[in-house]
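The structure that follows is given in the form of structure tokens.
Every chain is named by a letter (A, B, C and D) in the order it is written, and numbering of its residues begins at 1.
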Amino acid sequence: MYFNDPQSHAWDALVEAAWQGWEHAHAPYSKFHVGAALLRAGGGIVAGCNVENAAYPSSLCAERTAICAAVAQGMKPGELSALVVVTEAPTLTPPCGACRQVLAEFADDLPILLVNRHHRTLHSLADLLPHAFTVRNLNG
Amino acid sequence: MYFNDPQSHAWDALVEAAWQGWEHAHAPYSKFHVGAALLRAGGGIVAGCNVENAAYPSSLCAERTAICAAVAQGMKPGELSALVVVTEAPTLTPPCGACRQVLAEFADDLPILLVNRHHRTLHSLADLLPHAFTVRNLNG
Amino acid sequence: MYFNDPQSHAWDALVEAAWQGWEHAHAPYSKFHVGAALLRAGGGIVAGCNVENAAYPSSLCAERTAICAAVAQGMKPGELSALVVVTEAPTLTPPCGACRQVLAEFADDLPILLVNRHHRTLHSLADLLPHAFTVRNLNG
Amino acid sequence: MYFNDPQSHAWDALVEAAWQGWEHAHAPYSKFHVGAALLRAGGGIVAGCNVENAAYPSSLCAERTAICAAVAQGMKPGELSALVVVTEAPTLTPPCGACRQVLAEFADDLPILLVNRHHRTLHSLADLLPHAFTVRNLNG
């Protein structure tokens, strides 16, 4: 697979799954619909969408929805291989800090592709969350 | 279906799914493993488990994992029909307040079955979260 | 003090502090401004407001802002005596489920006064969060 | 003031306030005590500590406790000038991703000093949260 190239067809199935998640976004408060999809080691794909709440702090982002759904299906730390985030916003939408934190629980590094209707850019978790707080900090 | 009876076989598939979610809990910090499963209107079952994080506030409970996964699969408000929560704790484990809040986004009321290896008790969301804060509060 | 009477002057200083917190709400996304104030055993008052974030799940409610600020000033579990929540919404605004959860970390029960420009009603934490999940559940 | 030098005495009052916050940490679950203090434009200092909860996701970090307390006292976006985070962990403790997200609501950039009993290092918010998700993303 060629996840170091944002234009690679390796991303196609993940991008499609992320748009399918996007269609299910529950975002009546922000009207900002987000979809995500992740690739598990072994090849499984899990999609997510944002799930907002009238009490805004109880909302959840698309990326975390996908990660938690994947864990419930058996994904373990070290088995998260790639992530796609899609919105229709003209500026590509990066993961929020809290989502980066949850990604870092399951991967030391990760290619992250940001996609909208016209563009895509490739980032990595290591670039988006340098000096991450992890279990290594907790254990001293 | 007979979800008003905690011993009804109507609960069997949900309880089984919740224990399957439980097996996937990522709970290295609390060591407190939780599984959940919900029933969607129409009959689909979605499981969840708790997904902890080295930064504790970025953790997610099993109930919310199941709800968000179900939304990513297309569940809408009003389509959440029943919930099961399982742990091995000798005292049955109720949903935390934040999970009750997220349940209330998708159901006005809901039968909630708490299960461990020996017992089960039946609650309802209306009983567990009276005077809920909902979209009706936001809209004045 | 007479916190069992919603009209008691015992509430006056807390209500005033909650409105002062309300004036500082950072709520550019919901436009729903909330203030809160709590009474510590010993008499100290600590105010809070909601603090929203462009990434909605990273927002915080007024009640939790007040509680966490009080803890940073030295409040311990068992030292939380009363809470007021104020908004201008015509329907009185109850704490969300997540705030009830955080209140339950610091008090087994608590009088909670809901206030707007015209009305007030008195609740208790025990009524708003029955069968709470607490440290007793974690410890089995 | 000389916040570009980690050894500058400009940091002294903030470091002292962060240790005072640290003494009040409510961290019975992780046993990982964290203190924080921020400097407001104009000179005010606000301290915070982590405030954990039996339901781990309802916990709050020290940095967010300080920020939210400062907002309740009147701090506005653009008025957050510096942050200190203190722990006794031998490896210096960086803010988690969610705290970086909340910092980014109130400052485009920010000097962040990490301190333990023996060492200190200086970071910046721009370095710790590149490509931040902000209100500019929400507004397209």
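The criterion applied here is as follows: contacts are C-beta pairs under 8 Å (C-beta built on N, C-alpha and C of every residue); 3 or more make two chains touch, one makes a residue touch a chain.
What you see is a predicted model, and the numbers here were worked out from it, not measured in a lab.
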Problem set entry | Pair sharing more residue contacts (C-beta pairs) when B-D is set against C-D | C-D
Problem set entry | Length of the line joining the C-alpha centres of chain C and chain D, rounded to whole Å | 23
Problem set entry | Geometric centre distance via CA averages, chain D-chain B, whole Å | 34
For this session: Pull out every residue in chain A that's touching 2 or more other chains.
Result: 29-30, 52, 54-55, 58, 60, 64, 96-98, 101-102, 133, 137-138
Exercise. Viewed as a graph of touching chains, is the assembly arranged as a line, ring, star, complete set, or other?
Worked result: complete
Problem set entry | In the complex, chain D residues that touch chain B | 29-30, 52, 54-61, 64, 96-98
Exercise. So in the complex, which bits of chain B are touching chain C?
Worked result: 30, 32, 89-91, 93-102, 104, 123, 127-133, 136-138, 140
Exercise. What residues on chain C touch chain D, complex-wise?
Worked result: 21, 24, 26, 28-29, 47-49, 51-55, 58, 60, 62, 64-69, 71-74, 76-77, 98, 101-102, 105, 133-135, 137-138
